[in-house]
Every structure is written in structure tokens, then in C-alpha cells.
Amino acid sequence: MRVTVLCWGHLTDYFGSDGFEVELPEGATIQIAVTLLEQREPKAAGLTRRCRYALDEEYAPLETPLYDGCTVAILPPMSGG
Amino acid sequence: MRVTVLCWGHLTDYFGSDGFEVELPEGATIQIAVTLLEQREPKAAGLTRRCRYALDEEYAPLETPLYDGCTVAILPPMSGG
Amino acid sequence: MAYAAIVNEVIDVPALTERVSGVDNGAVCVFIGQVRRNSRGREVAYLEYQAYAPMAAKQLLRIAEEAEAKWGCEVGVEHRVGRMELCEASVVVVAGSRHRAQAFEACRYCIDTLKERVPIWKKEVCPDGSFWIEGEEAIEVSDVPRETGS
Amino acid sequence: MAYAAIVNEVIDVPALTERVSGVDNGAVCVFIGQVRRNSRGREVAYLEYQAYAPMAAKQLLRIAEEAEAKWGCEVGVEHRVGRMELCEASVVVVAGSRHRAQAFEACRYCIDTLKERVPIWKKEVCPDGSFWIEGEEAIEVSDVPRETGS
């Protein structure tokens, strides 16, 4: 399945802010998408521990299963206000 | 001594809002000025219990002595805001 | 520096806010008290505020200064007197500080304290009569003609 | 009805305030978060706010709705994104209610909760470098060129 990944905050320094698509096996979870990112950019490893995650614009835990065409967002600690 | 008395809130219905002068004996206190008002307008009697008082624009207790030329204000419960 | 005034005209909220919006402040809290249509079941046509102006201005400034000292912030207050229509502001408090907690606290302190000790009185003019609001009480405006005795 | 928006332009504070200043409200509380010169010892030249806009707008609206339900008041929030100069407002919260306690509480709730769960990130651009502010941390913007891999 194809999944869109969006990164925010300092992660955009590594992965850009436009998002990108990844191919994942059926049954993959948010955790698997995150692991893929950590492998792609070693500087991002460990940082994702601090993050929260969203599936299709709603907060979701790491074990949430993904589906074809969905959007996962990696959300570092926020600083709005 | 001559003392100026100012009334506020519903007391202005009885005593006007422009203030007026009274002649008081030496040694008179705010209490004495208040008693004079209560005698002048029976409807105001007892109401002054609820009030606070000011001497020359500062809060002052009933027993504060007055002096020639001073200004006493009778302040019912306030409702600014 | 603390600012306080009793004013006769419409309060200029942006201008007052500007006073506490300096470059060192990250947070500005504004409180606006305005004339509402219903007051404890009475329908209000308009309000009239009366102030013992010189004493009220002194007390307002003192309250603003207390808030500045206690929360390390900048405070401004204006209270309007005279006739006010529905939705018009009778009082505006502004507080600017580095962080938001201080701005909220200072603003709240000023409006709470103002109600307790600034000599201002509100008269509600309603279709069925007029009432002096004195603390928790509403006293119907008496029909007796005013006498300015001496 | 609760109102929330992520905006790109200068926030119009009077227009936003107007939304919660109806004739049934006697109290309006406004909170303005603005760009301040100093941030934990760093001198700030300007800020850049980035938002996950559709999710941020949803979360903002939900917070405003929660505040309205909890305090029986009217709430509006705008958060600006993009580049902001010193003293410009990044966020404005307005809350109108019959009495002041609700307006203060609702306004405070919105700004506190917004910081916790609305996906917005601040980058401080300083003379000595730029920093992503992420919660309590400031992460220096990396020099590596951005790669949008796939």
C-alpha cells in the first residue's frame, strides 16, 4: 500500500515539508512508517520517541494500522501560541 | 468649621450630586457629619450603615476627625466594572 | 508605567492595548466589561455610570500599580462614566507581560479589585424604572425631586 | 458558535473580538500572544510559525467548542502562520460571557490547551542562528540541505 508521510518542526530539515509517499506492506502500523524514517535519516533516529502521531489529521497511537491512501504525520513537541 | 459633604449612588436622589457645605463644631468626626445627613433625610437613615467614607478622597473610618475646609464623601456599596 | 483614567467618551481598546504591547511582552490580556441587555431578570435600556472622579482615578491607578508590582507586568485601565448603550464598554483593563500567567492574573486582579474599591456607581435604566446598583442590591430610583440642601 | 482559523495575514483583533461581544455578554476576555524580542536569553529577529493547517484548524475549533460547552460562553481563536515581526500577534483568543469569571477561564483554557495539542511549530530566527522551538527544547536548524526523498 502507498502511504503519505508528513514531517513537521525540525524534522522538515531532514525530510522536507511537502510530504512524500512510501510503499508499505499490508498490515503496517504507524510504528513501521516511523522506523522507515529513522533508517532513512540517522539524525532523526531516537528523536521520534519524543513525537506524537496523526493518521488522517487525528491523533493516533504508534500501533495504529495504516491503509492504502492514508496520511501519517510525525508531530514533534508543539510550540504554537 | 465648614465641611463639604459629597453623596453618591442612590443618596444623590436625596441630597443631590453636587455636594453641599455644613457647619460643624470643632472636633466633629465623619460620624457626626453622617448623623446630620440622617437627621436631614429620614429615608437615608440606616442606609449609611452600609456605606464607606472618604476624607479628602481617601478612605477613612467613621471616627476620623474633620477640619475646616475638608471634604467628606459618603460612599454606598460600589458597582463599577 | 501604570496608567489609569476615568473617561467620558468611548474607550479606544486598541489604543489602550498598545500601551502594554511593547517588544518585551509576549502576552497581553485584555478585559472588556460591556453593557448587557439582561441584568438579573431586568431588561436594560441603557446604563449610567457615576464616579467620584478624582478619588476613582487615584484608586484605579493604585490598583494598576499594585498589579504591576505583584506580577512584574504593565497595566492600563480606563473606566467610562455617563450614559452607555448596549454593547458599549464601561471598563477596559489591559495587562502585558513576558509570559501569559502574569498577564491573566494582573488583568483579573484589576477588574476584581476595581469592583470592590473604586468609587463608581451604576444606574440601570429599564423600561419599568431605574435602579441604582449598589453591590448586590438594586435600589429603585426614588421619585422624590432632588434637593440640594445646605 | 465557536470559531477557529489558521490565518496567513495580520490578525484583526477588533474584528475577532466583535464575534463574542453580543448584547447578552457583559464580559469579554482577549488574549494576545505576540512576538517578543527575548526568548530565554536569545535575541529574536523574527519568528516563523509552521502549522499542519487542516489538523491544526480542527484541533483549534475543538478546543474552542470545549471551552464554550464548559463555561457557557462564546469563543473565537485565530493563529497566524508564516513570518512574524516583533510585536506582531501570533495568536488571539477571545471569549465573551455573561459574567467575567467564565470569560477569563475559557480564554485561559484555550491558550493553555492550544499549546499542548494544536500542531503548530515556531522557529526563532536570531542573529546567531535559527532554532526550532519544540516544547521546552530549542533545536538549532540544521545546515544540511533539505532533501525531499521518496
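Residue numbering begins at 1 within each chain, and the chains themselves are lettered A, B, C and D in the order written.
Keep this in mind: a contact is a pair of C-beta atoms (placed from the backbone, for glycine too) under 8 Å apart; a residue touches a chain by one contact, two chains touch by 3 or more.
Only a predicted model underlies this, so the values are computations on that prediction, with no experimental measurement involved.
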Seminar exercise, completed: Contacting chain A as well as chain D are chains none
Exercise. Measuring centre to centre, with centres taken as mean CA positions, what chain is farthest from chain C?
Worked result: A
Problem set entry | Centre-to-centre distance between chain C and chain A (centres being mean Cα positions), rounded to whole Å | 51
For this session: Could you please state the distance in Å, as a whole number, between where the Cα atoms of chain B are centred and where those of chain C are centred?
Result: 24
Exercise. Which integer distance in Å separates the CA centroid of chain C from that of chain D?
Worked result: 27
Problem set entry | Contacts with 2+ other chains: residues of chain A | 81
Exercise. Which parts of chain D, given as residue numbers and ranges, touch two or more other chains?
Worked result: 33, 100, 111
For this session: Report the complete set of touching chain pairs.
Result: A-D, B-C, C-D
Problem set entry | chain D to chain A touching residues, read off their complex | 33, 49-52, 54-56, 58, 79, 90-91, 111, 114-122, 132-137, 139, 141-142, 144, 146-150
For this session: Going by the contact rule at the top, pick out the chain A residues touching chain D in the complex.
Result: 6, 8-10, 12-18, 20-22, 40, 43, 50, 54, 57-59, 73, 75-81
For this session: Within their complex, state which residues of chain C touch chain D.
Result: 13-14, 17, 21-38, 86-87, 98, 100, 103-104, 107-108, 111
